[in-house]
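In the two complexes below, subunit A is the common chain; its partner is subunit B in one and subunit C in the other.
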Partner chain A sequence: MNIAWIFYLQGVKAALSYRAEFWINFAGSVGSQFCVAFFLWKAVFLARGTDTLQGFTFAGLMLYSLLVPLVERSVMAPDMMGIAGEIYDGGLSRYLLYPLAYFQVKYASSLAQSTLYQGQTAVILAVYAAVFGSSGITPVSLMMGLTAIAFAGWLGFWLLANLEMLAFWADNVWSLAVMNRMAGWLLGGGMIPLAFFPAWARSALEWLPYIRLLSFPIRCLLGQVGWSEWLFGLVMTVAWSLVFAGTASLLWRKGLRVYAGVGI
Partner chain B sequence: MIRYLRLYAHFMRFSISKALEFRLDFFFRIFMDLVYYGIQIGFYQAIFMQTPLLGGWSRDQSLVFMGGYLVVDAISMTLFSNNMWMLPVAINRGDLDYYLVRPVSSLFFLSLRDFAANSLINLGFAVGILAWTVLRLPEPPHAVSLLLFLAMLPFGAVLHYQMHLVSLLPVFWMGSGSNLHGIFYSFARCMERPDRIFTGWIRRLLVSVLPFCLMASFPARVFLEGPHWPILLHFAAVITAFFLFIIFIWNRGLRAYSSASS
Partner chain C sequence: MIKARGLSKTFRVHKKEAGLKGSLRALFVRDWKTVHALKGVDLDVGAGEIVGLVGANGAGKTTLVKALAGILHPTGGTAEVLGHVPWRRHNEFRRQIALIMGQKAQLWWDLPAGDGFLLLREIYQVPGDRFAANLKTLTEALQIGDKLNIQIRRLSLGERMKMELIAALLHNPKVLFLDEPTIGLDLAAQRAIREFILDYRRRENPAMILTSHYMEDIEKLCERIVLIRDGELVYDGGREKLLASYALHKVLTAHLRAGEAPAEGPARPQGDSGVPGEILEWNGTQVKLKVPRSEAAAAASHLLQSYPVADLSIEEEDIGTVIEAMMKRDKAA
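This part shows the complex of A and B:
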C-alpha cells in the first residue's frame, strides 16, 4: 500500500479517536461563529434600514457566515501540523532515517483532517438546502467550490509548512501560525466579506494568497464566480502554492543543515 | 495572604526570566497580539462604513468598547491564559499530583504560576488604544463613570478566566481536553461584540450562564451611559456565582481525579 495512503488513513483515525470531542468542538465553533455573525448583521441591517448591503441580502450573508468556519476548517488546519514539534523534540529524525517523502507524508495527514471537514461541510450544506432552499448553490457551483477548497487546502498546507519550518532557527513558531490564521481571517474575508472593504483594499487583496483560502472558495460555492474567474482563481492558488512549496523546499534544505536531531 | 503574594512575586520573577531566554518568541508573541489589535480596529472601521450605529452605540462609543475588551483580553493573557493552556495537560497526564502535595491552594498555583511577560507589554498597548478611543469621544468623560469603567475591566478579565476554567474542567471526566480550548475561544468571540446586538434567549444566556457579554460590554455601558446599580450588581453577582461554582466543580473534579492517565 502507498505510504501516503497509510498516513492518510492514520490521520483519519487520529482525528476520529476522540469522536465526542470532535463533534462537540465542531458544533460549538461553527454554531458560536454563526450565532455572532447572525446577531451582528441583524443589528447592522436594522440600523441601516435596508434590504441589501454591498450586494448581500441578510439571508445571503448568513449563508456566507455559515460557510466561513466550514471552509476555514477544511483549508486551514486548526492545529499546527506537528512539523515544528518534530524539529524541537527530534521526532523528525525518523523521517530522515526511513525512505519517506516528508512533505508527502505530512500532506497526507493534513488532507485526512481536511477530508473530514469537507464531509462535515457537505452535511451542513445539505441540511441548509433542505431547510432554506438552495440559495444559489447548484451542482456546478458545488463542484467549483469543492475544487477550489481542495486547491486552497494545498495552498494552506504550504503556507503553514513554511512557518513551521522556521522552527529550525526560532525558539517557538506557534505565534507565527496564530498570526497567519488571524491574517487569513481578516484578509481572506473570514471576518466580513471582502465586498465590505474599500475598492483599493479589494484590488490589493486580490493578489495576496489569503483571498484564495476563504473568500474565493466560498464565492465559488455560492455560485458568484464565473468560469473565467474560477480558472484565474485556481491558477493564482496554484501559483502561490508553488511559490510556498519552493520556499519550503529551500527552508527544508537549509534547516536540515542546522538540525541537531535532539532526542535520538 | 502575604504568603500568596510572595509566592506570586516568585512566579513573576521566574516567568520573566524564562520569557527573556527565548527572545525571538517573546517578540513574536508581542507582534502577534499587535496583529490582533490591528484586526479588531480594522473590523470596526469596516463595519462602521456600513452603519452609523451598532447595538445603539456610535463609532466612537463602539471603539471605546473595543478598547475595553482589548484590555480585558490583555489582562487575561498576562495573568491566566498560559496557565489555562497547560491545565488539561496537567490533569490528563497526572502532573496535577505535584500541585496537590504542595501546601498552597492547587487552584491558585495552577491558575497563576505562569505570568506572560510579553502580554504585559501588550497590556500597555491595549491601555494606549483604550486611552486613544476615550480621547476621541466628542464629550469629555464623567470622572466617576471612567473610574468605575477602569475598575470593572480587571473583573471582566477575572470573568474571562472563570469561563475559560469552567470550559476546561470537564477534562477531569473526559479523556482529552485539547478541543475544549477551541470551544471556549469560539464562544469568547461574543465578548468582542456589544451586548445589545444580541436579543432573546441568546442574550439572556450571554449575560448569565455564558456571561461573555458581561466582560467588556457592561463596563462600557457603565462608562458610556452612566453608573447604573442593577448593572453593577448583576456584574458582581455573576462573578461571585461563578467563583463558588468553580470551587464546587474543582473539588468534585479532584475526587474524580485518578492521577496519571485519569
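This part shows the complex of A and C:
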C-alpha cells in the first residue's frame, strides 16, 4: 500500500480518536465566527438601511460568513505548528530514520484532517440549502469549489511549511504562523469579502497567494466564478504552490544541516 | 559495517543569563557559545559486534550515534554505514538500520502499538509473513503481546521501551544503534531487554552501538568499549584489556567459617600486622578488601593465614569504577 495513503488513513484515525475535541473545535470555530459575522453585518445593514452591500444581500453575506471558517479549516493549517513542533522537540528524527519522504507524509496527514473538515462543510451546506434554499450553489459550483479547496489546501500546506521550517534557526515561529493566518484572513477575504476592497487593491491581491486560499474557493462554491476565471485561479494556485514547494525544499536542505535532534 | 574517520560536529548555542535582567538583555543582545560535540572521531564496527559507547553526560555519545544514524549532519569528517553516507539518508540505507532512543519515544503516541507496527510494516515494506513471524517472536520474547491494542501514551515506561525495541527490529536491521535502551527501567525489564538484545545478535549478527549509563548493560552486552570524553575517543578496546590496563585494584572477598570468625574485623588502619589494602566490608562472616593488583596474591595469603576462610574469591574492580577513575585521570592529565 502507498505510504502516503497509509499516513492519510492514520491521520483520519488520529483525528477521530479525539472525538470531543473534533466536535468542540468544529462547533466553536464555525459557530463563534458565524455569530460574530451575523451581529456585525446585521448592524451594518441596519445602519445603512439598504438591502444590498457591494452586491451582497444579508443572506448572501451570511452564507459567505458561514463558508469562511469552513473553508479556512480545510485549507489553512489543519496541522498548524506540526512541522515546527517536530523540529523543536526532536520528533523530526523519526522521519529522518524511516525510509520515506517527510513532506509527502506530512501533507497526507494534513489532507486527512482537511478531508474531515470538507465532509463537515458538505453537511452544513446541505443543511443550509434545505433550510434557506441553494443560494446559487449548484452541483457544478460545488465541484468547482471543492476542486479549488483541494488545490488551496496544497498551497496552504507549502506556504505554512516555509514558515514552520524557520524553526531550524529561530526559537519560536508561532508568531509567524499566526501572522500568516491573519494575513490569509485579511488579504484572502476572510474578514470581509474582497468586493468591499478598492478596485486597485483587488487587482493587486489577485496576484498574491492568499486570495487563492479563501476568497477564490468560496466564490467558486457560490457560483460566482466562470470557467476561464476558475482555470486561471487553479493555475495561479499551482504556480504559487510550486514556488513555495521550491523554497521549502531549499529550507529543508539548509535546515537539516543545523538540526540537532534534541528536545523533550 | 560502520566506519567513521575524523568525524566532528560543532553546535552554536545561545546563552542567556538567569533572571529578568538576563531575559531583557537577551531581547537585544544574544551571546553565542560554540560547542564542539565531536572532535575527529575514528571508529570501526564490524558485523556481530556490540560496542559499548561510554562517557559522562554531554561527552558526545548521542551526537555520535545520531551522526552515524543519519539524523545529524557532521561539521567535518567522513562516515560510511553499510557503504552509505548516513546523512544522505538513502532509502536503501534507512531500510537497514534502526535507532532506539531510550529518552525519546519514536512510536506514534496516539496510536496503539499494533497500529504503529502495521505502519512500520508498510514503511519498511516488510513482507506480510515475515512481519507476522517477527512480531510473534518479538512480542513473545518480551512478553508484551497483550498490550498491542493499547495507545502508546497509556503504557508504562518499561512497556513502551519494549514496544520501541519491537518497532526497531521488525525489519531485521543490519545496524542497530541503542541509545540508553534501559534507562528508567526496573531490574527485571533491564534484564529482559539485555537478553533480548543478545538473542537478536545470535540470530541476525548485526553491528550494534550501545550507549548506557548502566554499567551492567555494558558489562553484560559489550566485549568492546569505546570511551568518549569531551567529544574525543580516549579508549577503544576490549573490556578485559580495559580492566587489565586501567584497573589498579582487585577485590578480594573472603567468607569466614561460621562460629570461628573473630569478634573483631581486620585491623584498621592497615599496618604490618593488619590486612593490606582498603576494607570495603566487614560483617563478622564476610570480609571484602580492595587491594592493589600487585598485592592481590599477598593479601589473599594473609587472609588465608590469619582468618578461618571457608571461601575466597578474587575479582576485578567494578567496570564502572574503573571507567570513572580513568576518565578522571585523563581529564586531570
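Throughout what follows, the second predicted complex is superposed on the first by the 259 of 264 C-alpha atoms of A that agree within 3 Å, B and C clash if a C-alpha of one lies under 4 Å from a C-alpha of the other, contacts with A are read in each partner's own complex, and residues count from 1 in each chain.
Simple rule for what comes next: a contact is a pair of C-beta atoms (placed from the backbone, for glycine too) under 8 Å apart; a residue touches a chain by one contact, two chains touch by 3 or more.
Here the structure is a predicted model, which means the values were calculated and not measured.
Of the two partners subunit B and subunit C, more subunit A residues are in touch with B.
Of the two partner chains placed around the shared chain by superposition, subunit B is the only one that A:24 touches, whereas subunit C remains out of contact. Residue contacts after overlaying the shared chain place A:90 against subunit C, while subunit B stays out of touching range. Once chain A of one complex is fitted onto chain A of the other, the partner contacts of A:132 are absent, as it touches neither subunit B nor subunit C. Residues 18 of subunit A lie at the contact with subunit B in one complex and at the contact with subunit C in the other. Residue ranges on subunit A touching subunit B, taken from their complex, read 18, 20-22, 24-25, 28-29, 32-33, 35-36, 39-40, 42-44, 47-48, 53-54, 78, 170-173, 175-176, 178-179, 182-183, 185-186, 191-192, 196-198. Subunit C makes touch with subunit A in their complex at residues 11, 66, 69-73, 87, 89, 91-92, 94-95, 97-99, 101, 104, 106, 108, 110-111, 115, 119-120, 122-124.
Residue ranges on subunit B touching subunit A, taken from their complex, read 22-25, 28-29, 31-32, 35-36, 39, 42-43, 46-47, 49-55, 174-176, 178-180, 182-183, 186-187, 189-190, 193, 196-199, 202.
On the subunit A side of its complex with subunit C, the touching residues are 1, 3, 6-7, 10, 13-14, 17-18, 90, 93-94, 96-100, 256-261, 263.
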